[in-house]
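Structures given as structure tokens follow.
In the two complexes below, subunit A is the common chain; its partner is subunit B in one and subunit C in the other.
Moving on, here comes the complex of A and B:
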């Protein structure tokens, strides 16, 4: 009898307490990240946002509210060129990485020998292990006019004069495609591994040769992996700074480099707006790739 | 009737493992043929050799009279329904079924007509624009069937296509598969581990075990005259027990198990030595039903298992007690026996089949 009276009271109460406390453990786990993000990302962003409305005149910073810098980014052809070059570089790097990465992932998947796959994965991953500065200087040596690449091409009789492979866009593209390869290969590889092998067999059984199987079945079903890889690659390329500055030889002026120079000149407004533009470009990229992903998804 | 598929002395190894061991059979044109056996018996490998996804190491494989040695899967007059259907998840039902015809580069009108026909045959016209993810298991099953049949194959290969469905749907699909097979008149080769499925649908069954064919015949032949101890145990429910052979002559033998002595039909290899006897549950009669039967014994009911349309009694015969199960049809007109009751149980002269004791204990 007593239990009957107490029982119902305990039930909902304990449930309510559990409900109220349910959010606490995840919050505690998230707290360090949230604090760090607030201090290292949100606060600087707000500061930047404030600076973006200031004015920079005759080498001095003026704390008056102005939309001048935004206006310059919007209408000045000089900034248009920088933004266009940045997007073009990111675009070419992405296409290059996908063109190299997709066949690589496909080969890794088709080999089907775990030992070989493991070593290939290490190889693909290797550019990330090497410091960006070391890697970039390595490329300048490899791609120099008297470097091994030009030497081999000349000895093979394929070219007469050395190719200009470094201190221009070409060098930047080569180095970036090299380092972004793992970001493209692994998402694609993962989507391939997840494919049900009998689906391919079914297509073959229905009369499809390997090209048709690839075009109608394998490619559409691995497209989400490809889009994810391209998305990462494009976003990273937008923000690339060290590689364009070392391998570009001053001839590749992309937005991050411009922002860096502006900060060196204490031109905070230009640096701030440049950063804002980069952020908006990245967000737009993520959004549009997600859009693409939705088309390719299996509904 | 001509043969559509012929395998002659086909052997297949996976590494050192002999998956298929020297099998020979042929399937009549337009018939429903089942390969039945426990998992790992080589039935799926046999089917995959017919489809071209595996290649025999030895022996010959002919489909529609042509040697298939160097013919790749996409050029064979066979199509396959896969275990988990393997539908293309990014294509609609229509596109799935149309896939094989588009590969053949048929005209759009022809494709629409033939896909329409097949969708009607499997009753999925309204679902043409759905994606596989929006279908139930039974519907996906039908799509897989339509997708394979739309190619008008000489032989349709089915690899446990009903395995992933629940029991009720499975029974319904069995009848439907049989109907479709009779409608289109295509040769079906059906792989399953489910004896009920094989019995219901097949014209002929090959029972496989450890890469070999144990027995081949119509469902009734196999049920009534199992050729080996394995087949007797695998098909239907049977009492299997050790006996001592006392006399053997002309396909008949008299055997003894403890105090119980009876006669039965022999299979090749039974001699004056230990053997095994098989008596199906439903062939053992109890009480009045056993009157006049040549083999009658006093039995004690040890247990009663009631399952609706039938009752199973666990009976103890003689001393030391020989335990056998008897299955009796139940219609409510007779009261059930109860445990501890002593009754008379018996079976006919044709009920028992005798097998030589396997030289290698299973």
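Moving on, here comes the complex of A and C:
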């Protein structure tokens, strides 16, 4: 155990006995993590990066350096369509989740009874514990042609023929919004709890109606939470794999699915370049949402 | 809500209605699975044509699922133990000591969170093929440890930041050794966070599909992979029966943890872990 090697009394609080070996204890404590990360994160990504510069021809891998695969992603419309579909899916899911998540967080925040509040929180956050496979499967049953949703709509006389809700983009969008909802509700709810109630009271005392209070006080002050929730949702949606494969029925070809298939077909260069594109998209998302977050906090 | 209004305003009623609908949205995919598992026919039809336990009998006869479940639990336990021990050490070092560039180190350690899991999965697959350790059990453990580690580090460093370090100073000044101090002074203070981190890590490991799908052989699938592959081939309610069992376990877990932590704070804490991780990442 490295723990007994912790040098005593070195640290921010006390600077006694700061010896020449002061760097040793933290290094020993970090060593296992760094080794693990080097072996199972850095080296694999380097391998991955290397394969993106290879090429796949006539069913075999060409180990020579080549930018061919990148070129295909840059200029082939087939790949453009996949990238566009992935971004569109993530965008719609994010909008959907925020539209459901914001009012839900608001309701959780405003409910007067602690017991109801507690059970609503359990209800919203507990699905995280259930596997994504199970939740996606649930949606295939719920949205099936003969499933409950179509049954109710038909009984209510709103439609004559069952809607095609499953094994297409619609099903994927609904199911993903369900899967990511807790991750959107939470940051929004946190930002609401942190809100200083006196600001709202001041606005009310000055004669603002509920709508003005919401539009001029609550919404601007909880915007960082909303942006953070959208950031989490968009990033997760870009990399979503299980739900599009179960609910897409092969018709929703997003980037993660394409990467999976290319890997299964031993076309590693395409898998690697697809993955690189996905990685860059995720990093761009995180960066641009961080930018947005800064703007939203200024006000 | 003001008490002088007898009838709540329309907007509150609308909000309540919206919450009920949202609650329905959250629960219905799980409820329908439970309902479907008692169906008497192999195809999905609503309302069910009849009720039976045949899918549970069918499930009981499927050894593949049983083996996969055991493998998943064991793997999640092993991976959680690894990432909990290793991650606590790292979080302690990051919070307790002044490390040059510690923000960079932390950002690096938390970066697997934003990485699309499928990218990590393919990268690990290629790497393990290259070094020839694809079929080793340790590759799987290491993979799950890397996926869960950032969450453990995020949760525990958040908890250690608020720890009162003068307590540790006091214990050491009174002559307690470093290990004794850690286990008797620091650990009790962060134990709740450690339980939260362990639960979080277990759930993430147990639910891994994207990374694991490339690393397991058909004969040694984990449970989510087995279910995922089964769903690609069949759609009969055997999966519903299995899902119902899993939902049952999830409910039991929620109840136990709710009782353990009181006031139903756990799901909030779980989400707090996610949030803490994301926050660290974006800062």
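Methods note: the second predicted complex is superposed on the first by the 264 of 299 C-alpha atoms of A that agree within 3 Å, B and C clash if a C-alpha of one lies under 4 Å from a C-alpha of the other, contacts with A are read in each partner's own complex, and residues count from 1 in each chain.
The definition used in the following text is that a residue touches a chain if its C-beta (ideal position, glycine included) is under 8 Å from a C-beta of that chain, and two chains touch if they have at least 3 such contacts.
This structure is a prediction, so every number in the text was calculated from the model and none was measured.
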| said: Can you tell me whether subunit B or subunit C touches more residues on subunit A? | reply: C
| message | I'd like to know which partner A:20 touches here: subunit B for first, subunit C for second, both or neither. | response | neither
| query | After superposition on the shared chain, which partner residues are touched by A:155: those of subunit B (first), subunit C (second), both, or neither? | reply | neither
| request: Pick one for A:205: touches subunit B only (first), subunit C only (second), both, or neither. | output: first
| First (subunit B), second (subunit C), both or neither: which does A:181 touch? | second
| Touching A:259 in the superposition: subunit B (first), subunit C (second), both, neither? | second
| said: By the touch definition at the top of the document, which applies to A:196: first (subunit B), second (subunit C), both, or neither? | reply: first
| field | subunit A-facing residues of subunit B, complex | value | 51, 53, 72-75, 78-80, 82-84, 86-90, 99-100, 103-104, 131, 133, 147-148, 151
| For the complex, which residues does subunit A have touching subunit C? | 1-14, 25-27, 29-30, 32-33, 36-37, 39-41, 43-45, 47-48, 51, 100, 103-104, 106-108, 110, 112, 118-135, 137-142, 144, 146-148, 150-151, 175, 178, 181-183, 185-187, 190, 210, 228, 231-232, 235, 238-239, 241-242, 245-246, 256, 259-260, 263, 268, 271-272, 275, 278-279, 282-283, 286, 289-290, 293
| request: Using the touch definition up top, name the residues of subunit C that touch subunit A in the complex. | output: 1, 9, 11-12, 15-16, 18-19, 22-23, 25-30, 32-33, 36, 43-47, 85-87, 89-90, 92-94, 96-99, 105, 108-109, 111-112, 114-120, 122-128, 130, 142-143, 145-146, 149, 153, 165-166, 169, 172, 177-179, 182, 203, 206-207, 209-210, 213-214, 223-224, 227-228, 231-232, 235, 239-240, 243, 246-247, 250-251, 253-254, 258, 263-264, 267-268, 270-272, 274-275, 278-279, 281-282
| field | subunit B partner contacts - residues on subunit A that touch it in the complex | value | 196, 198-199, 201-209, 212, 216-217, 220-221, 298-299
